[in-house]
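Below is one structure; the comments refer to it alone.
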Amino acid sequence: MSVIEAKGLNLTFQTNDGPVHALKDVNLTIEKGDFVSFIGPSGCGKTTFLRCVAGLEHPTGGTLSVNGMTPDEARKARAYGYVFQAAGLYPWRTIGRNIALPLEIMGYSKSEQAERVKRVLDLVELTGFEKKFPWQLSGGMQQRASIARALAFDADILLMDEPFGALDEIVRDRLNEEVLKLWNNTGKTIGFVTHSIPEAVYLSTKIVVMSPRPGRITDVIESTLPRERPLDIRDSAEFIAIAHRVRDGLRAGHMDE
Amino acid sequence: MSVIEAKGLNLTFQTNDGPVHALKDVNLTIEKGDFVSFIGPSGCGKTTFLRCVAGLEHPTGGTLSVNGMTPDEARKARAYGYVFQAAGLYPWRTIGRNIALPLEIMGYSKSEQAERVKRVLDLVELTGFEKKFPWQLSGGMQQRASIARALAFDADILLMDEPFGALDEIVRDRLNEEVLKLWNNTGKTIGFVTHSIPEAVYLSTKIVVMSPRPGRITDVIESTLPRERPLDIRDSAEFIAIAHRVRDGLRAGHMDE
Amino acid sequence: MTLVILALVIWVAAWALNAWLSNGPLSNSRIAGIAVPLIFGATVLIVWELVVRGMNVAAVILPPPSVIAGTFAQNLPTLWADAVQTIGKGAVSGYIIGCGSAFIVAIIVDRYDFLRRGLLPVGNFMAALPIVGIAPILVMWFGFDWQSKSAVVVVMVFFPMLVNTVAGLRDTSAMQRDLMHTYAAGYFQTLIKLRLPAAMPFVFNGLKIATTLALIGAIVAEFFGSPVLGMGFRISTSVGQLALDMVWAEIVVAALAGSAFYGLIALIERGVTFWHPSQRK
Amino acid sequence: MNKLGPVITVILAIVAFWYVAAVPMNVQETLTAAERAGVAVTPDNARARSEAGRWSLVFQNLDALGGSWSVDRARLPSPHQVLTEIYNSTWDEEVNGRRGIVNSGSFSNRSLVYHSGVTLGATVLGFLIGAGFGILLAVGIVYSRTMDRSVMPWAIVSQTIPIVALAPMIIVVLYSIGIGGMMPKAVISAYLSFFPVVVGMVKGLRSPDHMQLDLLRTYNASKSQGFWKLRLPASMPYLFTSLKIGIAASLVGAIVGELPVQRGGLGARMLSGSYYGQTEQIWAALFVAAILAALMVAIIGWIEARTLKRMGMAV
Amino acid sequence: ADDVTLQLKWVTQAQFAGYYVALDQGFYEEADLNVTILPGGPDIAPGQVLAGGGADVMVDWLPSALAAREKGLPIVNIAQPFKTSGLMLTCWKDSGITGPEDFAGHTLGVWFFGNEYPFLSWMSQEGISTDGGEDGVTVLKQGFNVDPLLQRQADCISTMTYNEFGQVLEAGVTEDELVTFKYEDVGVATLEDGLYVLEDQLEDPAFVDKMVRFVAASMQGWKWAEENPEEAAMIVLDYDETGAQTEEHQIYMMGEVAKLTAGSNGALDEADYQRTVDTLLAGGSDPVITMVPEGAWTHAITDEALN
């Protein structure tokens, strides 16, 4: 059974300026353990699609199943962790308490909370920063904390919406490596939105290229890269070839405008 | 005579947490017609250096000359146009009136203003949007308007501080092409801050790699790429080699932390 | 008693209607946006009427709205003359002088940092001087006619307006200021082309706060001495004559005029600060 | 020091201006007193003087103006007169007065200490009621569309009603249902302080952005979890800002409530000062009231700084 | 003991000395009454308090009581400790005013809030317009003090013999700088400070009994105050919660008030009542009351209390 399955998905927003067709006829199947990147120009519906999966937005047509349930059921079953573009940590909570937030809400015991916070802090290499407030950390560290927050409860699916958009290239490289490591170690299914072609190619097993007005999928590229990916794989011919295909797909989408 | 010449430049900010050494012993010569990119991790002093050149910040040591004058004299002589990271258009002015702003201040006649606004709008392909307000334009269009504003009066030097930081990769590619075209057509001297390695390599004749704490120049790379640069030059071996060197320089800077 | 129960029933019913209007199919329509507050207001009036009648509340304690409406209709000329005296002469002149001078002082204060750091704390302190204490002094200084009311209004609106305008003049981003700097723009050019436009949302915030203050100030000042005319005079005299219906009629005038004044400024604000995100939606 | 410097300069300038202004402001009274004491003044009758300009009187009688800064029933008492009055009606009255705390064991009803206490009680009670009600109303407005739409516009209209006009009636109505003492004043205080709290709190409770709200939805958090874990903490900076406005308004409310109820308090002091033409008494009560307001705002500011610091929200 | 709440017309001062004396000297206690005195103040309408049930009995002036009665508030005078009116108009002599015929063109300060009726009656009897203009007078709603006169914002102001007139003198003005018109002297005197209750309450014998005891004890207080003006003033001073009254002024006031209460044993004098009504009705086009009031007073209480 596929983890995420979209069939003929449509979503139209009603706005003051008339309807916006944010998603049109989206068909996509994501298998367990896939790392799927979504790439496309601004406004092509990447975020909207991820939000549909998360049950935060409701499609106006088609079907969408998550772990065999409706997205809303999956949300209530806490089937996924969601990482937003900006870290979105609550400024009045320390890093530790930010990570504990979902655990509090889901009713974990105090000791269980403490244990899990410790474990994920370790995972994202933030041990020792538990008592700090978000603004006392650099942007990259904040983003790692926000990933830790999504990992604290054991959801099989991790949805990440441009998690590294605000970071500089070097920090981004490092976090990319870490996400890959995490994915390798946990076997989670990951949906990942990005604007960066190298990032998409470097991370994914499957790259979904999208195009706006109306938002739709124009290409789905299965990566031929191995699961084990050192950073300098990006200078390999195979990498450059895939990147080329993605760029062409993107440029085609932009041409329509 | 060099257009910009920094010798042993130092700048220390006095802050509540003690002094911050933002620039240390910076030596750099920029010749007329150069396109110089500044790249480096956050906080390494890229912005600070550009602001020193613009006379917006005053070095605490060393000498800096712009067109043979002090930066302040150059500022008063309106020797440069400055493009900020965000478009920074005034929201209460239309695009046309935003572009006319420096012209009004510099006392150009109404007809001269109108003519120049028309010309630069044309240059950045925004003809027809003159009467629109900034928020009615997309981010990329706003950024182009802000470039037009810096071009409206004829300064030989153009200083751009991460002008495309907020834009998606495709739009960014297009604007990169346009900046190159503009540079080719006008022969201006350009100082350009970026976080993106491909962008730096693609645009520059000279890449200045910087490193933080204290902010200093760790490498100056003269580009061997031709002046004429199609977008797919980025897949060439030469391009990749330069990018590699820049990345190594950057990573070395990050290691110190 | 039945009337009181009826009032309760009407309250519940109207609330249910409003809940349906706000959350039901019409919730996003313009009509619902206007109807809901109107229904709420009407319900309050009906409940007031029924409770006052049902519980036999003495007319000298609280007259029912129907009586107030009658008094309002019968005394239009008096109410109008009072409003002209209090609002037309006292409040408006004080509003213009107070807001105008605060605006100019704000520009001066903003120019000289020394003044800003010295004057604003002292200003905040003075703004805490309760108006009911100042009003008798100003009536003593400026006489019984509208001039003293105007002076009270000036004192009341000056500091909110000053503080807002000063805050507004400083509400430019470093980038916006640096831009002016790169053009080597002078003080006045920066003021006119950057700081004043950027300050407008704050200025209008101050102007809006000042509208209600102006009205209240002018009315309150009349309690401490006035000619035999004016809304405050009428309210205070009518309480003494136990003509509570007239008191409420004046309060209705105050609320109508206050809301209209506020609305007018909000309308102008919308025109002037059309570019501000809060006005765009 | 460089924080106090400008403030002190401005205060000195105001005091200097005040002394200068006292001369023309009090010229009529000064000359009348001088005349009664046998000094020759021009013009030599009060009626003619009342028709002459203030400045012309000043210049015609330069040598008879010695009393300008010490007139009884001055139109503008001079700063030292006000300070003396404040001193007399606080320290001196309490320490040396027959009814002062030193001699009687309780604060004297002739001292501003006592009256400040009376006013403060009503202010704090009214503030607690007003702020509490304001917060509840804000929660209702944020969580119920119906309340948002029906109540909010009327909350704005309520502020166009001149409360001072209603104050005596509110008091009488409360008397009639058996509520007396501090409560009627507190109700007026509450009326004045609830509005800024509602406005600030609605803003604060709505300040979480979409992302912060969506985060909770991905956890399937309940409404009350959303309130306690997100909206309430996010509203804290707004809450404190509006509480500071609210407490100042509350003080004004208490004073307004004390005007008609002549049972002590700074408001009663101001009125009796006015009633007997004792302008120094009015000014002294005014200044003490402003000092009280400043103190209470400072206390809330202190709590704010501590709370926000503990919450990690202080910058 | 039975609870009685008395609402005064104005702030705590020797004008109400009788009640405070009765309270202080235990006269009320002896009458088995537990009396609470509520001071009045600006904009507190005693009639409103009475109507709302906040007080059992109030001190008011007859003109405003009659006007309120006509407005539908059924209040009844049960006792009249003040025999004579203390109301007067005080003018600067140098304003050229010698008699009512000179008022035209001048500015006059008047108390409103139900205290304007005697003035309006007087003016309409004299045929003087109060709307300003050449041959009318300009009326100011005067505040609570004598500043308008001292600062010459008005040529005449309303004063009470026992209070504001004293303040004018205390401010250093001599009597020969002034021209005064006592309402008593110009024949338009109206009854002041009487005790009023709600009409329907009088149907309750228990209440009547309470009032009988109250009036008796109050009159005992008044007589004590007349005999011991200085002590009475000190008692008033003790009850003044604002601490604003001065000994000197309260003693002066007590002395003057004693002159006004002197002729009364507490019972309303029908002739005085009739004169007040006539004065109020005589107001030409704009009389204060339009009909002869009925049942606005009763001797039921005083008959019982004073025998």
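Note that the chains take the letters A, B, C, D and E in the order they are written out, and that residue 1 is the start of every chain.
Rule of thumb we're sticking to: contacts are C-beta pairs under 8 Å (C-beta built on N, C-alpha and C of every residue); 3 or more make two chains touch, one makes a residue touch a chain.
Predicted, not measured: the structure shown is a model, and the values here were computed from it.
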**Message:** Show me the overlap between the contact partners of chain A and those of chain C.
**Reply:** B, D
**Prompt:** In this assembly, which chains make contact with chain A and also with chain E?
**Reply:** D
**Message:** If I average the Cα coordinates per chain and compare with the overall Cα mean, which chain comes out closest?
**Reply:** C
**Fill in**
Most contact pairs found between chains C-D
**Fill in**
Between the Cα centroids of chain C and chain E the separation in whole angstrom comes to 38
**Message:** I'd like to verify one number: the distance from the centre of chain B to the centre of chain E, where each centre is the average of its C-alpha atoms, in whole angstrom.
**Reply:** 85
**Asked** Using the average of all C-alpha atoms in each chain as its centre, how far is it in Å between chain D and chain E?
**Response** 33
**Prompt:** So, what's the distance in Å between the C-alpha centres of chain C and chain B?
**Reply:** 49
**Request:** Indicate the residues of chain C shared as contacts by at least two other chains.
**Result:** 61, 136, 140, 223-224, 236, 239, 244
**Fill in**
Residues in chain E with touches to at least two other chains are numbered 42-43, 45, 48, 51-52, 143, 147, 151
**Asked** Considering chain D alone, which of its residues make contact with at least two other chains?
**Response** 75, 168-169, 172-173, 176, 259, 274
**Asked** Considering every pair of chains, which are in touch?
**Response** A-B, A-D, B-C, C-D, C-E, D-E
**Asked** Which bits of chain D are touching chain E when the two form their complex?
**Response** 28-29, 32-33, 36, 45-47, 50, 72-73, 75, 99, 108-111, 114-115, 167-169, 171-173, 175-177, 180, 259-264, 268-269, 271-277, 281
**Message:** List the residues on chain B that touch chain A in their complex, please.
**Reply:** 41-42, 138-139, 168-171, 195-197, 235, 240, 244, 250-251, 254
**Fill in**
Residue set of chain D touching chain A in the complex reads 211-212, 214-221, 225, 229-230, 233-234, 236, 311-313, 315
**Complete:** Within their complex, chain A touches chain D through residues 51, 54-56, 75-76, 78, 80-82, 84-86, 88, 90-94, 101-102, 104-106, 133-135
**Fill in**
Note: in the complex, chain E contacts chain D through residues 11-12, 38-45, 48-49, 51-55, 92, 94-95, 143-147, 150-152, 167, 171-172, 240-246, 249
